[in-house]
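I've put the structures underneath this note.
In the two assemblies presented below, chain A is common to both, partnered first by chain B and then by chain C.
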Partner chain A sequence: MEIKNIKSSDIPAFFNQLIKQGKVVMAPVLKKSGKVFFEQVQSYSQVASDYIQTGFSAKSVVFPKVEVLFSYTKTEEGIELKDSIADIPETIVWGLRPCDGSAFNYMTEFFLRENPDTYYAARKEKTTLIAVSCPKADDACFCTSVDLNPGSTSGSDILLTIMGEDIYVEVMTEKGKAAVENSASLFTVSEEKDKEEFLAKIDVKFSLDEIKEKIKNAYDSAEWKNVSMGCFGCGACAFSCPTCTCFDIQDEGTQNKGQRLRCWDSCGFGLFTKHSSGHNPKTNQTERRRQRLLHKFKYSVENLDIVSCVGCGRCIRVCPAHLNIFENILSVTASSIER
Partner chain B sequence: MTPLQNKVAELFENGTINLMIGFKSALNKLPVPFFFDSVSRVEDLIFTPECKGNLSVYLQKTEVKQAKKVGILANISTLRSLVQLTSENQLGDIEKTVLTINTQNEVEVFENMDEVETYVQANFPEYSEEDKKLLEQLNSMTRDERWQYWTDQFSSCVKCYACRAVCPMCYCPSCTVECNQPQWIKVSSETTGNLEWHTIKAMHLAGRCINCGECGRICPVGIPVHLLTAQMNLDIEKEFGAKTGFSCKSGYALNTFKTGDKEQFIK
Partner chain C sequence: MKYQINFMETKNQYIPYKMRIANIIEEAPLVQTYRLEFIDEKDADQFTFRAGQFAEYGVFGEGESTFCIASSPTREGYLECTFRSSGRVTKALANCELNDIIGLRGPFGNTFPIEEWYGKNIVFVTGGIALPPLRCVIWNLLDQRDKFGDISIYYGARSVNDLVYKEELEEWKNRGDVKLFLTVDPGGETPDWKGLVGFVPTILEQNPPKSENAVAIVAGPPILIKMGMPILSKNGFDNANIYTTLENRMKCGVGKCGHCTVGKTYVCKDGPVFTYEEVLKMPAEY
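The block that comes next holds the complex of A and B.
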């Protein structure tokens, strides 16, 4: 790790240098709806300055909502197949929060540990993550309950922490080094500093170790029904989640021309686990929501040794029913001890 | 206990209900829909101005239908939904007890749907100032501008189907988007397909939408999707004199023939 300093007045120059290098730069942009979303930008002036969290996470950079896997065209000579991997551009994600940065750790484990996914691998390889620590939080944020904090560097290539006029720069990886190298004159070497006073204060809602232990026996808890009956069965939580990886492979086109797509999917939808016979072993929304919550805190721990919830709070903010994941996890684990 | 909690406890105790659909407060103070299956948690029941959600959606849930004797805490949007759903013969198999906190801030338990209808007609909500302003803006656009506006809006739709999920009038047990033989609507999210989906949804709700605005309020990308059906309601009211969620007896305008209907459209 290298520690540097940059003046906040030099940030636009650093940012615009990244764009000049021909990279796709995704940054938070304030939309007319008042919400902030990652979007490709051309200049630092487009970047949102004041946001707690983006509406959707940065996962779409490595796992797009619709990804063309390949396309085909029938010609007189035969069938022409086009692999989409060659088209993946060098991308910088700017301004993601530390929770989102750490979400990439899980995504990488999920997509690459066994039978590596070549599309994910290619996108991740070409992506540099420049995260910004959280100076403020809201009551949906709970990163501190899942072993992270508003200044976590885990998963990010660079973490910027705003300390008044100075920006404290933690360069974590080779990719991070490459990103600052082209603007080397803007950076000075810095000693290690305590970030604490510049970070949001987020209450710890639960002990993660305790939850991991208790949730092992929570499958049959009667409380699942209480915390899930309000679930409408939409995909808002899964689509905004930085670690939800469900996808649906779709073929679109005709016999002459078409493409194979990988589209976001959600375990909240009624089609989840539905067999072609029409039978669905998950008979109701309570079972689907239990699947989502157990996946985050139990199944991903069993399979990949990672709690796949990063406490970004998006599912809480977007849920039409205001269902609250950490409150629900607390309820089901509390009831599992009583049993 | 609040008067509302006392009333609900009484309804449980005298056997009028065995399930109460209401709200409770989450840790972050937002109201969460909650299903009270006994008197034991009734002290958690709340009804505040923030309880904007439309609980009538849950009446379609199997677990709710199985409960048979269901109490439902209703804001004005929910009451309108209940009226509209009754006119569409959707609530026959549930013995329901409808409660609200009325304009005098008192707990009101409706004896039957006629009383709900009377209450709704006496307290019929206006469009919000914000919606009126947005509709005015849209109507002042040219057709091309309006097309562009909606194309831009729907280009950001991710097809999470939250707008469908929260809609009390989207009660089909199987939706056209879930049909893949033939595939009417693409699974992938892209502008044209997204427009198709929202057009189909809006057309199915024409003259049936009860203007609760939930679809627009909860859209995770902030598309004011409720304006499509809100405008169609105005058009239908103008053409047929029919308000939605207003009467339990009259069917919805586009499905009802009246000899006095205007016929200028037949040319």
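The block that comes next holds the complex of A and C.
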């Protein structure tokens, strides 16, 4: 790790230098709705500065909502298949929060540890993550309950922390180094500083170790029914989640020409598990919500030794039924001890 | 990055092999068997599989569907799949003509430990269109018949017409070294039906197989798996010697898309072959 300092007045110059290098730069942009979303920007003036969290996470850079796996064209000799991996551009994600940065750690383990996913690997390799730690939080934020904090460097290539007129720069990786090198004159060497007073204060909702232990026996908890009572199965939680990786594969086109796509999917949808016979192993919203929450806190721990929830709070903010993941986790683990 | 991928050497798991439909057999109403041959000889040389594995079969413009490989690895040069036309992809597949090109990804999943079964008696229990995954195993054993003890097959379908591989059933019935319990559900028999009448679990209970030195393989609609395995267990089969193949909905085949999970288990990469011992530890999400 290298620690540097940059004046906040020099940030636009640093940012615009990244754009000049011809990279796709994705940054938070304030929309008319008052919400902030990642978009490709051309200049620092477009970048939102005052936001707690972006609407969608940055995962679409490595796992797009809709991605072309290959295109096919029928010819006289047969069928030609062409994948689009070579076209994936060098991309910089600017302004993601530390929770989103750490979500990339999980996704990399999930997509690459076993049966490596070519598309994820290609996109991740070409992506540099420049995160900004959180000076503010809201009631939905709970990163401190999942072993993270508003200044976690985990998963990010660079973490910027605003300390008044100075920006404290933690350069974590070779990719991070490459990003600052082109603007070397803007940075000065800095000693290690305590970020604490510049970070949001976020209450700890539960002890993660205790939850991980208790949730082992939570499958049959009677509470699942209560915590899924209002669930419509709309999938908003999964689509906004930085660690949800489920997808569908669909074709678009005719017999002669078209493409095979992978698109985000959600375990909250009734069709997700339905067999062609009509049989459905997960018959109701209770079973589906249980799958989602157990996957985050139990199954991914068993399979990859990682809790796949980063406490970003998006699923809480977007849920039309006001379901709250950390309250739900507390309920189902509380009842599991009584059994 | 922690995981270095060599894009030139790592096979892109989403790009299908191109296969020519070399033969079509009408098995039962809406059920067909396709024999598939590789268009590219290099693919044919590279491709190997073992009994129990499955593949994704794709019609360009429609999508992909998941079925086991129904032919035995002992029969080289082609693959066969048997499917019922029911959804968008299988309907499109059913409409394909001889010599059409379809996509194939695979083989995926684990396999039946056939070498561990040498010298043992083998019992197959299956129903309807779940015979195809076991047909692969059955021929695999029959093609090295002297390595195994008794082979019994319990197979049933809703009606006589719904039985698949009718010619092969006839062959197994007549070959003397296979005991075949062929049944149809009550009401599914025809006037000249000479087989048994009754649901497969009932037939299995009425004609219990000997559990000594035996392994059993159950495949079927989930209800047959859920009913069949306990019957075998009650008859003295060790739960570790009762095998099944689960067939949850799948999209990717490689443990990524999330559709097929049973608890923490991905049927596609951790299965589809499981023992009853393993199934009992999993939630009943199949």
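Criterion: the second predicted complex is superposed on the first by the 333 of 339 C-alpha atoms of A that agree within 3 Å, B and C clash if a C-alpha of one lies under 4 Å from a C-alpha of the other, contacts with A are read in each partner's own complex, and residues count from 1 in each chain.
Note that in this section a contact is a pair of C-beta atoms (placed from the backbone, for glycine too) under 8 Å apart; a residue touches a chain by one contact, two chains touch by 3 or more.
In this text, all values refer to a predicted model and were calculated from it rather than measured experimentally.
**Q** Taking the superposition on A as described, I'd like to know which of chain B and chain C A:65 touches: first, second, both or neither.
**A** After superposing on A, A:65 lies in contact with chain B but is clear of chain C.
**Q** Is A:52 in contact with chain B, with chain C, with both, or with neither (first, second, both, neither)?
**A** A:52: touches no partner chain.
**Q** Report for A:281: first if it touches chain B alone, second if chain C alone, otherwise both or neither.
**A** A:281: touches chain C, not chain B.
**Q** One more residue to check, A:13. First (chain B), second (chain C), both or neither?
**A** Touch partners of A:13: none, neither chain B nor chain C.
**Q** Could you tell me if A:248 is touching chain B, chain C, both of them or neither one (first, second, both, neither)?
**A** Touch status of A:248: both partners.
**Q** Regarding the shared-chain residue A:324, is it in contact with chain B (first), chain C (second), both, or neither?
**A** Only chain B; A:324 stays clear of chain C.
**Q** State whether A:267 touches chain B only (first), chain C only (second), both chains, or neither.
**A** A:267: touches chain C, not chain B.
**Q** So, A:162: does it touch chain B (first), chain C (second), both, or neither?
**A** neither
**Q** Looking at A:140 after the superposition, I want to know if it touches chain B, chain C, both of them or none. Which is it: first, second, both, neither?
**A** first
**Q** Under the contact rule defined above, give the chain A residues that sit at the interface with chain B and also at the interface with chain C.
**A** Residues 248, 250, which sit in both footprints.
**Q** For the complex, give me every residue of chain C touching chain A.
**A** Answer in residue numbers: 1-3, 5, 7, 10, 12-16, 18, 39, 58-64, 84, 86-87, 90, 101, 221-222, 247-249, 251-252, 254-259, 261-264, 269, 283-286.
**Q** Could you pull out which chain B residues touch chain A in their complex?
**A** 26-35, 53, 57-58, 61-63, 156, 158-162, 164-166, 178, 186-190, 214, 218, 220-223
**Q** List the residues on chain A that touch chain C in their complex, please.
**A** 69-70, 72, 74, 78-79, 81, 83, 85, 108, 110-119, 121-122, 124-125, 219, 245-251, 253-256, 258, 260, 262, 265, 267, 272-277, 279, 281-282, 287, 291, 294-295, 298-299, 302-303
**Q** Using the touch definition up top, name the residues of chain A that touch chain B in the complex.
**A** Within the complex, chain A touches chain B at residues 31-35, 37, 55-56, 65-66, 139-140, 205, 225-226, 229-230, 232-236, 238-240, 248, 250, 252, 261, 263-264, 266, 269-271, 284-286, 316, 318, 320-324, 326-327.
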